[in-house]
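Listed after this line are the structures, all set down as structure tokens.
Okay, so subunit A shows up in both of these, paired with subunit B first and subunit C after.
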Partner chain A sequence: MDPNEVRNSLRAFVLKELLNNPSYPIEDDEPLITSGLVDSLSLALIGVFAEESFGVYIPDTDLTAENLDTLNQMVDRIVSDGNRET
Partner chain B sequence: MAITSLAFVGFAAFVLVIYYLLPRRPQNYWLLAASYAFYVTWAWEFAVVLTLLILVNFGLAKAIQGRSAHKRLLLWIGIGFNVLALAFFKYADFFVPEMVARQQQANGQMAGGGFRLLLPIGLSFMILEGISYLVDVYRDQVQAASDLVDFALYLAYFPKLLSGPIERYRSFSPKLAQPRVVDNETLARSFMLIVVGLVRKLVVADLLLLLIPKEIVLTPGEFDASRVALWLIAYGFWLYNDFAGYTSMVRGLSGLFGIELSPNFQIPYFARNFTEFWNRWHITLSHWLRDYIYFPLSRALLRRNPSRRNLLNLILPPIATMLISGLWHEASLFLLIWGALHGVYQIVERLPSLWRPVVPPDKWPLWRQGIAVVGVVVLALLAWIPFGVGVSDTPIYWRDSPDKISSAGLDSRLLVTMVPGIWLDWVQYRRGEFAFLRWPRLARATLLAFAFLAVLGALQIAATPPPFVYQGF
Partner chain C sequence: MSESLIQPIIQRAHTQPDHLTLVFIEENGDREDINAAQFHAKAVAFARALQAIDIGADDLVVLVLRHSQVLLSAFWGAMYLGAIPSIFPFLTEKLDPDLYMERVRLLVAHSDMRAVITFPEFKPKLEKLLAGLDCRVLSTDEVPMGEVTGDVDPAWSAAEISGEKIAFLQHSSGTTGLQKGVALSHRAVLNQVESYGDAIQLDGDDVVVSWLPLYHDMGLIAGFVMPIVAGVPVVMMSPFHWVRDPKILFQAIDQYRGTLCWLPNFAYNHCVRAVRLRDLEGVDLSHWRAAINCSEPVRLDSHQRFLERFAPYGFRETALTTCYAMAENTLAVTQSTIGEQAPVDWVDRTALQEERRAIPAQGDAPGALPVVSCGYPVSGCEVAIVDEEGHRLADRQVGEIILRSNCMLTEYYARPTITAEAIRDGWYYSGDMGYIADGQVYVSGRKNDLIIVSGKNIYPQDLEAIANTQPGVHPGRAVAFGVSDERLGTEGTVMVCEMENAYQPEEKLAIERELRRRVVQQMDVALADVRLVERKWLIKTSSGKIGRPDNRRKYLQEFR
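Let's look at the complex of A and B:
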């Protein structure tokens, strides 16, 4: 799984579907959950997006700010779980 | 044995002394024995229920891990057992005395007395811990416990037995397996948590409870609006400081055993929306509900229609989650109303994000953050009216609530009593939970002396501290 591909896809999804703001200058290390940008409904959507786009299931108990607060953390998780499953 | 009693202080000191004389493995046996001894001081029957819960969850988790063919069925049996146990004690406690009273009335006897089921203290918290354990084993997120004593301690550990925090087995069990390190920093943090907890409970919460006049609940029409509003604010501060005080004390106590418990409060009255509020208020319950109710339901719906704008996705998960939260607190209509209100708050605050760009609260102008904080506090307080007044009296409360506003007759003692609580929140909000430990030595000593005097003074006024509000759950 290519991390850059995952990052670009995830970034586009977050900006368009979750933030309603395609021009928002999102940083790779910017806190999304702890800052209040991503709420619990958006977090559930990220879980479903990871399942449907990359075939990676992130358990409900792992959908937390500790694990997935930044774009970098999300990409790392999806790539490492994806590589483990393949 | 109330944890604010002198008897408990002696008990905890005795347990601590023996604990540190033992090697690590027997320490867990000792903690379990102490936990049972503590629980039996409330009622010996509670220990029977606790043992049953421990054995059933321990056995079922092993079976779930071992049998892949019947895993799902076993999980549902386990969830059903826990939910039924909770429902049995909570609902039976509600219905049995009523049925006995009716039977006595029919027989021409005086109502009262008769058979009454006791709700084991802390049962609601243990049930959630049991369910999360079974689900996590089912999902292969944690290995089923191999040691019955360690698992029993997960449910029975006495500092968290009465009212949480609600721990997860996968984060709690490693703490039982590792050597206990209580260095100077841990000691300082633990004592600070205990002192802050005592001040919140004894100085703020208990005195507020004494000062809130009962008539203002029963006949609000006899008071002007300012007094009713002040009562509501005091009620909100009492509830918060009572539970936050309890959590702070038990976290501090557990720290002395070298076992860290999860935080449960993070200055909730500074939240700028209800999503933030529920990440700051009774955090371990909020996160349990999020992980085991909200996310599974939300994801199931989103798989069918992956859009934030879908009405069902937007409405059903928060409403269902908050209704279950209400039912978990108590099988009563007023807590269902409270839950429904909080569900509605969360739905409404999400609506603008469906068509407008999302801006994080930190980037809002300060005036908007201030208004949002006040708005969240006011709405949270309004949701507590059925909690404090009761459902049948809530409409009367609203109907009779006065419209004239006057500052005459306002009880300034209520305001003064809230000050230490507000100040603690402000310092911790600005500088972090352990800010006081970074103060110069003289300032810390002065603060400690003030806290000591305030606690002694409060005990002179309220010699027998009332039980914690969440102790009934």
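Let's look at the complex of A and C:
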């Protein structure tokens, strides 16, 4: 799994589905949940997106702001789980 | 009929000790069944522990506890003593812990709270903060739950409680909400249980399933107090767990044959977006006789999407019902007819918004707007619509919704001025706008500028106060309001702030990030949009105030 592809796809998802501002310059290490950029409902949607787009299932207990606050954290999680499964 | 909320519990513990009272689903998936005798015994344990630190009748007790079984026991234990519990929203991973504790201290000081019940890890800090105030801190590990055997202690006799006595307080969120503790008497809550129970045809075969938080009226009354008092089993899960993984609600409804579940409108959208189809395999929702949409404006679109998604699993169209509720009336003011899908009134959008009249329109006509009925007033509750001067309005004219009932608040606790503003000649002025047609109540908006996000009330003045101390924002030149978000099925919170100076784009971004961070840490609100604008952008009223509705309109024109 190519981390850059995952990152681009996630960034597009966050901008389109979770944020109202498509031109917001999200940085890779910018906290999204604890910074108040997107709300907590988003974590469940990120979980669904990870599964539908990359076939990676993130158990609900791991869908926390602590684990998945930044694009980097999300990419790491998806890539490492994805590589383990393949 | 009982005089107090605790009599039915104590009586059931004696006469039907094995009666299933509660199923608690922990975040790790563990489940515990609690029968009437156990529920009672756990409440007694808390009552005794409070007694041991000299808490007694009429003392205020604030519960700083996460959604857990001890929260339930502490709430009822305080009432056993005749003390008055109030549930404080628990710390989340987004709130700033120091600011959170300070909020607790403010509440204790403002309302003269006599005790705080909290977890052991919070006790040292709270004790230090509350030094000098006449308030004890009781930690949950000081309550000897280990001795709870489930046997009913015959020696325990609860305090003599008259119906007029205050049973508990409900606060809404934010600094503004904290100052308004809705005080409800035992009699008012019992009246609500009876009249709302009739409206939803509550009976012994029902099972309530709830993920709702208990610091909010819908979760506290519909998802806890009413079923416990009525002897209807309730299956309870944590709101944080449900938000992450909404399928647990459907699995619980399937497994326990749930019949009743209350949901704020955003939850319909969240379930459609975040429950995977494969998680629904084999799930049977056919016992679910009423999904009751309550606590924020009901959207037809949310109902339709929910039905489309879950009908294949047995969810019934006729289960889509609605309720208009508020903490000041214990909970329900109205309920749509059980066993029927809540009716939709198609009206002319322009006439509704500009002439304040609900003129019927064809559903497919251009400019037709669907308004979902909230149903009929529950028994013992009278609803009227009034204009600005308090004159009654005719059917289909839009005005403020006022009500009087036998389940209304006694007062905003120790706040005579705001109580007198809200209750006039026995009528409670809700601040909601709406109309009545053929006896059914339709809610169309708010009179004041309250923002309702995912069922949670947010006072814009709290947000504006944060912006006013934000470096880069001109003090006193910020406005907050709600804007409808179709996708989420609720409102988004928007802030428009005038800048102190002309800033470079990266400087503006830094100010926006800082403001968002401070808002989420203090209020747990993620702003849907922040706009930093030039000086003199905001519209002032003739009296020099920054009017929220005018600026909301300008925002929608310029930025949407």
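Keep this in mind: the second predicted complex is superposed on the first by the 86 of 86 C-alpha atoms of A that agree within 3 Å, B and C clash if a C-alpha of one lies under 4 Å from a C-alpha of the other, contacts with A are read in each partner's own complex, and residues count from 1 in each chain.
Basically, contacts are C-beta pairs under 8 Å (C-beta built on N, C-alpha and C of every residue); 3 or more make two chains touch, one makes a residue touch a chain.
All values derive from a computational prediction rather than experimental measurement.
Engineer: Quick check on the superposed pair: does A:Glu66 touch subunit B, subunit C, both, or neither? Answer first, second, both or neither.
Structural biologist: In the superposition, A:Glu66 touches subunit C alone.
Engineer: Touch test for A:Pro25: subunit B only (first), subunit C only (second), both, or neither?
Structural biologist: second
Engineer: Examine A:Phe49 and indicate which partner it touches, taking first as subunit B and second as subunit C; both and neither are also allowed.
Structural biologist: first
Engineer: For A:Asn4, using the defined touch cut-off, is the partner it touches subunit B, subunit C, both, or neither? Pick first, second, both or neither.
Structural biologist: A:Asn4 contacts neither subunit B nor subunit C.
Engineer: So which positions on subunit A get touched by both subunit B and subunit C?
Structural biologist: In the superposed arrangement, which is not itself an observed complex, subunit A uses residues 20-21, 35-37, 39-41, 43-45, 47-48, 51, 60-61, 63-64 for both subunit B and subunit C.
Engineer: Contact residues on subunit A for subunit B in the complex?
Structural biologist: 17-21, 24, 35-37, 39-45, 47-49, 51-52, 59-61, 63-64
Engineer: List the residues on subunit A that touch subunit C in their complex, please.
Structural biologist: Touching subunit C from subunit A are residues 20-21, 25, 33-41, 43-45, 47-48, 51, 60-61, 63-66.
Engineer: Can you check the complex and tell me which residues of subunit B touch subunit A?
Structural biologist: 136, 139, 141, 168, 272-273, 275-276, 287, 290-292, 294-296, 298-299, 302-303, 306-308, 313-314, 317, 350, 353-358, 360-362
Engineer: Under the definition above, what is the set of subunit C residues touching subunit A in their complex?
Structural biologist: On the subunit C side, the touching residues are 27-28, 92-94, 240-241, 243-246, 266, 270, 273-274, 276, 454, 485, 488, 492, 509, 513, 516-517, 519-521, 525-529.
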